[in-house]
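Below you'll find the structure, written out as structure tokens, and then a few comments.
Chain IDs A, B, C and D follow the sequence of writing; residue 1 opens each chain.
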């Protein structure tokens, strides 16, 4: 269980880091949508390893194979399946540690839960699993595009280096996906130093969605912000999620935090956007803003102490090909999850709109 | 949609702030559990209004009515329904603002979504909705108790007043549910001042769960931390959720953040607990730790600017009976949601355990 | 589990035969629907005991209490809860048989499954459970009425007495809900004789839905006919379901069974309707026709052999107030389930239509 | 929507008759199950076309490709994906009829629903879709085998030729999967004649499950018989489903129909089995018996009248490679669906058993 997501735009994903293939079945894509394989490939290229000096050197082309659901590149309403093969899996580095639990990894918990674990490249607990999410998210983005809903994310900080400003056009111009070129340079330097020290580093990603119609989200349990929080917290490296002013609200007063309603460009808007675009779990038409805390990758090239599965203390050095930071690569994944959540709510809202 | 929660321990809730009743149907409570109505009542008493000088003076007894699912106070495996009547609803204060959108409230978004809204006491967007969650959570707690799983939450900060230490026994000894008596006193003072200024204030709640077996949580989408994040972010006032070290991980290195595995009291444990008890979305047997940022209540007794539903600028003063801070009352609600999530995973884990 | 039904129009029901109340929460009723409590009451009156000499003399008014989801009798999009209290429960007749398993009843299976059972009036295994289905179905019918979708059912046979023709207006004119007045008379006579012999009798109910738009049903697992089959087979007394020509197709040839497409009244239609209005699991706009085989009630006033829960052979005579046939009372219940299924598909179809 | 089935053992299927591949993702297979690809292949071989002179000559090897979820042929608890490629798809015969609606087929209804349809080999409305169900069912059978639950189905009638007795060992000895060798011969003759007349013929399939523990099934909506009815009625050619005595109960009396409880071989049993092994929607430990009415295939080689999608009357002759009867090939598919339903209930029952 746990490999199906969504209510009206439902995805089922499969695959391990070193298995034959990974993929996704999308159940609920509306019919008549033009699906360009190139757009899916472009998103996969943004998350794939080996895309820059900052990422794992594992060499995967992540070529898209569409297996069902299209007729002449138009969706038919049937399940759309996208498959990606593993081509550069090398399990040799994992043989040595297959009975040892890497600190910060899911080795022990998978073993405790299932009594068996696929130790090759972390199996399904690998970040490689997200390739299926990004493929599905690419189709979600195509649908959102028809509604002029625009999603993007970027690196807000790496370690203690924070951005000063956001120039959207700069994001894809640097290897850290940072909207501030100066900060980007410092981040890249820092990551290089960290890598040389056989260590890793965390950061913060920010997500923004504009063009959202008011009305998305289904109280009381399937609120827009609640489902979005699950979607983002469900990414392996994320340890915190905040929306709008987030944790800063804890020390604020109501008189500071409430967003006054105004008319702007003939549309209902709010003067400020402390709420991050959500009121009572429903979008209010303002920009949706979310930040996620991303932990430093657990795989580091230093010797660490741990236990083996006989319960004995052992030393471990995690070999293999790893990322010194996962922040830049998580950017397209955050976008993908956000697109999936948004499409799901958008489709369901059709049901209600028919009656209003 | 949106009023059903859970996979194996599923709850369906109903009710508005000023409607006849609120309640919950629990589908999936295992048979043979001794359910004491007093234990449910005790939890409801912890969240009810009027419990202290810090809360809304609305006077509700929130008396528990069990409608189904028990035979001689034992669960039978059938749906358990708990109903609570509204007895002190007073809609008069809302007549005046029924065509105006209160800043920070869900008035506008409900109207945008549904084309109609129950303006009386905020309808279902009221915090009163959570009475049903707490009732269901009380039963979840009874089940967890059989497994020696212990859940508690407390106030970590109000405004800029932070706790210095956690003495669990103190939590229920003060009106702010603060585990540090000195900080509690300062918080109560602050809340009193804020109330006199017709304003409101936010804070942080912390949740802790101990006694969790390793193995709870279902990757890749129904991870323990992801579902918990949705459960807590789905509370009206919550704007941020972090687990373990949370946002602090963003500036940390892997070598600092990884938790080494050790043997402690003959059990597998970790030397530190930066992860907050979850690895790869599955509990590792360490304490689960979550913090939630709670916004200041949107209802303040000051005049604010807003729009009415004709799109005209109007002034608004929110009358009615409100809380200057919601933090102390959200404590039992956070516990309830955490208990519901935990029971759900615990029940599902039975399926897997049968095969290990 | 098992007490929630539907995907977009989801109902959760609760309650036992001799518990405090029974009820339903509807999650997903679109906003803005005028809900008249009288229409719900009318449907409940059609299924209630004591409505004629042919039914159990238990005297229940089954008065409708609406607990949530309406503002001035308009649906708000919030859960609609309907509660019905048990007022004439008399558990005394059940004390004697609480450790014996009545043949044909669910006593043994509930005990085998849950290890505990509510023996009072059969608990939740009682037909009384369907009062909640009928209440929900009444709201579904109100929605279908807006779309000119018309649902009705009737008694097709009791024992060996079959109808000769269908005059819809006659259905509610006789106590057996039979559309053929002559057959009705014979059926009533037969039921009277059976009752005097302390026995019971089965029959067949037929369901018809007209006005269905083409396009309802979601292949491959949620086909219109498949979901309808589950809905009707899920009624306690039903042992068989057939659609269109049903079991007769087993001895037919393709050349006889295929329905030719034609234009009729400027609309696409079929010359014959062997399929009963469904092709490939999707409605084709023709009348949907389903027949259900209804078993004779298991409660008979004769002595039968059985076991007690110590595994000893014992004699049992089922006292209490029972129906000699359940066919007439199942008619409104079949309609209710059919209405719930149809609304669910109709709402989901909105999602797809928005893209066509 | 509609391509996901199950609650605890959930399958998602994809694929069209003439698309690149078909497949299934199983989410919820417990860990530690030995999965032999040969056992899956064996089941696929039982349903594949070209297996005998009675079936379509389309030549598909239906070779099993396992894409995920296993480590050394042991299930890991992760999604198991099985993919089957289409190798002998020939769409040329369909070009001519791509704008015409074949009588008895889903051409019109898919077009009415989705506004687009994959006309090549009927797209997803093809019986070829069931290859994914059989693959998933093979894994379900492996699990049931551990619990000594035994599932089999057979042909009960073709046209007017009915079996006289059931010799299980004979079923796979003849091309019609008939347990009565004499009847088998007559059936094969009849099918041959029908084929020569360019026509098709229906029949009845019977399913039996023995070794079921008492307690499977979740009232009130997810009853064992209700879910089984949906599973079987959801097969394209099925128009009726009956359980136990089925439609025969309609003319029976309670005194004839009730099954007395007895002790047999030291176990609780019933003297007769009119109920077909289910009481109140829960298995009682007796054999589960279900019969399904299978319609004659709609594809016949005779000219028929129909409409094209401009609404004009046209003649149609359905070329392509078809089956004169689908009954023998539906046997392993019925078994597969029955296995999937049974495993789903069996897994969920673990949750309850932990508390009894």
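Convention: contacts are C-beta pairs under 8 Å (C-beta built on N, C-alpha and C of every residue); 3 or more make two chains touch, one makes a residue touch a chain.
These figures come from a predicted structure and were not determined experimentally.
Undergrad: On the document's contact criterion, could you list the chains that touch chain C and likewise touch chain D?
TA: Joint contacts, listed by label: A, B.
Undergrad: Compute the centre of every chain as the mean of its C-alpha atoms, then state which one is farthest from the centre of chain C.
TA: It is A.
Undergrad: In whole angstrom, how far does the Cα centroid of chain B sit from the Cα centroid of chain D?
TA: The answer is 46 Å.
Undergrad: Using mean CA coordinates as chain centres, what's the gap between chain A and chain D in Å?
TA: 39
Undergrad: Round to the nearest whole Å and give the separation of the Cα centres of chain A and chain B.
TA: Computed from C-alpha means, the inter-chain centre distance equals 26 Å.
Undergrad: Could you tell me which residues belong to chain C and also touch two or more other chains?
TA: 1-4, 8, 13, 28, 31-32, 77, 113-115, 124, 348, 352, 356
Undergrad: Going by the contact rule at the top, pick out the chain C residues touching chain A in the complex.
TA: 8, 28, 30-33, 77, 347-348, 350-356
Undergrad: Across the complex, what residues on chain B touch chain A?
TA: 1-5, 7, 13, 101, 103-106, 108-110, 112-115, 124-125, 129, 157, 159-160, 194, 199-204, 214-223, 225-231, 233-234, 236, 239-263, 268, 270, 275-276, 278-285, 293-300, 302, 304-307, 311, 313, 348-349, 352, 355-356
Undergrad: In the complex of these two chains, what residues of chain A are touching chain D?
TA: Going through chain A, the ones touching chain D are 1-4, 8, 10, 12-16, 19-23, 25, 27-28, 31-32, 65-69, 71, 74, 76-81, 83, 113-118, 120, 123-124.
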